[in-house]
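Two complexes, one shared chain (chain A), two partners (chain B, chain C).
The block that comes next holds the complex of A and B.
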């Protein structure tokens, strides 16, 4: 055997072992769902690096159920390298010993259980990554031996249609298939001809017809009916004090109610301020239903998507000028490209967090929940490799100041934290010390899971006002600027009142009244849509919300 | 149920002529505020009934900041709290004062 082809030979042996298990039952690459466990036991080796596709939204759930049922005597000590830890099965494999080590990005729905398992030592944690960072490592030191992925349909040669939720699939397959790995795809149906080829069949080794359609998490739907006046007030401040001030056209929004409120205020409050066409025209964003009124009112030029959103498919098909769509008409999303777009081509990231400390560091980790990062540390960081100017970026750069020849000054990305001073259950958002540091100490992490570092944050917006950290010239000013918008939390009440007033005089802190915002306007009547049903009307009936958001 | 009461001196009357306004609702996480122009212009009183005990110092700070910001001279303010967060109380008070001014 040639010394240079050991991986290739191992791959061929795995595929042969897999084929032997489905002998006489397979048709082309298609394996029946009842042979999944046998197939996985045949192709997996102890210690393998495995990507069990768990995206932000789309889940290879049939293959996950199969993996859990494997015999731990045969399949054990796997190293899971997947972006999302979302389904119970994603953690069940660590309880049985099938898996041992984990490198991942996001664990929203499993945040509480993953915290317990990390404390209990059941999971050997590599790192919590940002999406782009984990994808990068797929090509360097975390290349999967086996990828278990999900698509909507496939033909018998393995040509795969991912549907609107393409998400991570092309990246996972690229890294696995071109480096001697084995790729197994679960699909909802086998067809003679796929609507479009998202993944060519020669990169897919086995196709499993799933027992039921894969699960998609509706992560990006915020019901306007639940929006509060405080969130509306914060959104008004952000639009007037940041979007208009910096002329932000290219941006990414987080998934909270605050940014959803901004989306719903563009056609009303934004229109009144004369900002149409001047702000929020080009987006790296999932297809948020709350963006529909702004799209329908002509605010939005184009949107590139990380993934799709449940119920938005028909609407997107009818708006190809706005969204990226395939020859078949449906959305083509791509998490890796969209994250890159958010990193390099957007001038602003604006999103929420759970905790902010006195230096502006933020984290979504609490003592009882480890939600992971997803894309936020990537979106919410100033990319030092950027080399193209924009008015927004240069203005932020000027405010940040700095030393040396002004002609060598570079811009800054706006990284805005939009938070209410208290979260659910009167838990303060502002803290002396991040829980992330305690978690790191308890489970022995070398790097505390900080979502966005303070030196990347440019603004913090709360119901009390906007703190512009770019204009702060030392650590003390920064601390008082943060305390000065921290409301009635302990941190906020611990402010130096005279210093905060001085910062306000210099425009570092701006209150609603400083921005000319009338508190009586912070009313739900200002929302372009006040319910999910309103969003359906705005879409001309094209948006089809999932059952849990329907109350009519 | 806890009852709190604050009295502040104000530099002069709140502008406007409206004699009474009511805003908000008594719902969980919200509050109802009744504002009446019945006191001398150099005084503002705030009476609070809240189901959540032990936040007297936060109420005190919220009311003091409101009085400094809105200068609501002459108002007797009655708050029926449903467990609202301080930011909601603060926003609702400012909205109430604006209603009395128009």
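The block that comes next holds the complex of A and C.
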């Protein structure tokens, strides 16, 4: 055996062992669902790095159930490397010893359990990554030995159609298949010919026909009926005080109600301000249902997506000028590319958070939950690798106090936090010390899980006003600018009134009246859609909302 | 002020506050409120629970003019504690109905928007429900129609659903819901297999305005606008049933018949199918005008049984 081909030989041995398990039962690469456990036990080796595809929406749930059932005497001490820890099975494998070490990005619904298991020492944590970091490490030091992925359909040669929720799949397969790894795909159905080839069959070693279609979570649907007048006021301030002033055309939105309100105000309030075509034309964004009215009224030029959204498929299919679609007509999403687009090609990230401290650091961690990171940290950071100018980026750069020769000046990405001073349950958003720091101390993390670092944040918008941190010249000014929009929280009440008024005089803090906004005008009648049903009407009946969002 | 986008005639009933509903429903300028917020008759119980109070306790009552004729009106504010009945809230409605005995208005209009009784003052709330139902019977016995309008966020649940059952006529919109036990209550007691409260399409199929109208639980179906509810109210006042033994016996007979006919149905769509709806699955998505056309084709959805 050539010593340069040890990995290749190992891969061939795994595949041979896998094939032996399904001898006589497989057709081409297709393995019946009832042989999943035997297949996994044959191809996995103790200590393997495994990506069990879990994204923030799509889940390889059939393979996850199979992995949990493996014999821990045969399959153990796996190192899980996947972006999403979302299903209970993703953590069950740590309880039985099948897995030991974890590197991940996002754990949304499992945040509380993951915190307990970290605290109890059941999980050996590598790090909590941003998406791009984890994807990058797939190609450097976290390359999977085995990838267990999910697609909509496959043919007998393994050509895979991932459907609208492509998400992480191409990245995971790229890293695994081209570095001597084994790729197993679960699909909802085996077909003679896939609608389009998202992953070529020679990168897929086994295809499992799942017992039921993979689960997709509707994460990006915000019901307009639940939008409050406070959120509308904040959205009006953002449109007038930031979108219009900086001429923001290329952007990403977070998933909160505030940004959803902005989407619904574009065709109404934005139209009245004469901003159509001037702002919000090019997006790195999941297909938010609340963007439908803006698309239908001609505001949006194009949208590239990380994933899809439940119920949006037919609408997207009928709007190929706006979305990226395949030859078959359905959406092609790609998390790695869209994150990159959000990082380098967008001039603004705007989103909500749960806690902001006096330096502007923000976190969605509470003391008992490690929710990990979504798309915010990559897109909500100033990319120092950027070199192409835009008016928005340059204006922000000038405000940040660039000195010296203008041709050596650097622009700044706008990173905007859109928050109410008190969140759910009247919990203050502004805090002296982030809960993330306490959590990090308790479970022994070297770094506190900070969503967006203070030095990346350029604006904070609350119902009390906009704080422009670009214009602040020292830490004290930043602190007072933050206190100056923190309302009646302890932080807000601790402000130096004279200093805050001085900042207001310099335009660092701007109240609604400074922007020519009358708070009483923040009315729900301004929303282009006030219910999910309105969104269905806007879409011409193409949007098919999931049952939990209906009231008809 | 910037111009409002919403056209007042097409303003949404569902979105409107209790006061905005009254404003749009009645003839302009004629409304006079009884025990208004300036009197600050607030709940004596909520402070015990450290809960905020409302100056009107979430109930607006008064007199006004509807198409030239005097009416008494009560409107629940669904945004305050889900429009729930507390002591003051309930007493205002009881008082209004008792006043109707003397004043003999052309009608009493009740704009429901309630999840039922307020848990923090449950005894007072339950008592109020009983008193309201008795008062409605008395008012109807005097020949004054009591019309219920249901299209708010909270629907008409719990005791509100019971009171609705005692009204002369009911108008409901698609988003309006009428029932006694709410979806979460049923799920908690009988499990998600019995009733999945998060399946909102199921909730609306079972308790929503279209279903109630199809089975005769409501007498008029209104588009979700203040103007449509005004038109429905006027129409229903004109065709309120007599309140006598014959009506009650007919109602009893129809309820028995309904039970015999639909008692074994597991799903609202099965009931609709037996009613003669050709494509039951398409009903939830139909527009108000298409739904009206469907109703007129069925010809048996107007009776007094709830």
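By our rule, the second predicted complex is superposed on the first by the 548 of 552 C-alpha atoms of A that agree within 3 Å, B and C clash if a C-alpha of one lies under 4 Å from a C-alpha of the other, contacts with A are read in each partner's own complex, and residues count from 1 in each chain.
The rule is simple: contacts are C-beta pairs under 8 Å (C-beta built on N, C-alpha and C of every residue); 3 or more make two chains touch, one makes a residue touch a chain.
Predicted, not measured: the structure shown is a model, and the values here were computed from it.
Once chain A is used to superpose the two complexes, chain B occupies space that clashes with chain C.
Contacts of A:228 after superposition on the shared chain: chain B is touched, whereas chain C is not. Touch criterion met: A:464 reaches chain B, while chain C stays clear of it. Using the contact criterion defined above for the overlaid structures, shared-chain residue A:426 touches chain B, although it does not reach chain C. In the superposition on chain A, A:519 contacts chain B only, with no contact to chain C.
Applying the stated contact rule after C-alpha superposition, one finds that A:488 touches chain B and leaves chain C untouched. In the superposition on chain A, A:407 makes contact with neither chain B nor chain C.
Only one segment of chain C in 9-17, 45-53 or 225-233 runs into chain B in the superposed model, and that segment is 45-53. Residue overlap on chain A between the chain B contacts of one complex and the chain C contacts of the other covers 518, 520.
Listing the residues of chain C that touch chain A in their complex gives 1-2, 4-6, 11-12, 14-15, 153, 174-175, 198-204, 208, 210, 284-285.
Interface of chain A with chain C (complex): residues 225, 268, 272, 518, 520-521, 523-526, 530-531, 541, 547-552. Against chain B, in their complex, chain A makes its touches with residues 228-230, 233, 420-422, 426, 462-464, 487-488, 493, 513, 518-520, 522.
Residues 58, 61-62, 69, 85-88, 90-91, 94-95, 98-99 of chain B are the ones that touch chain A when the two sit in their complex.
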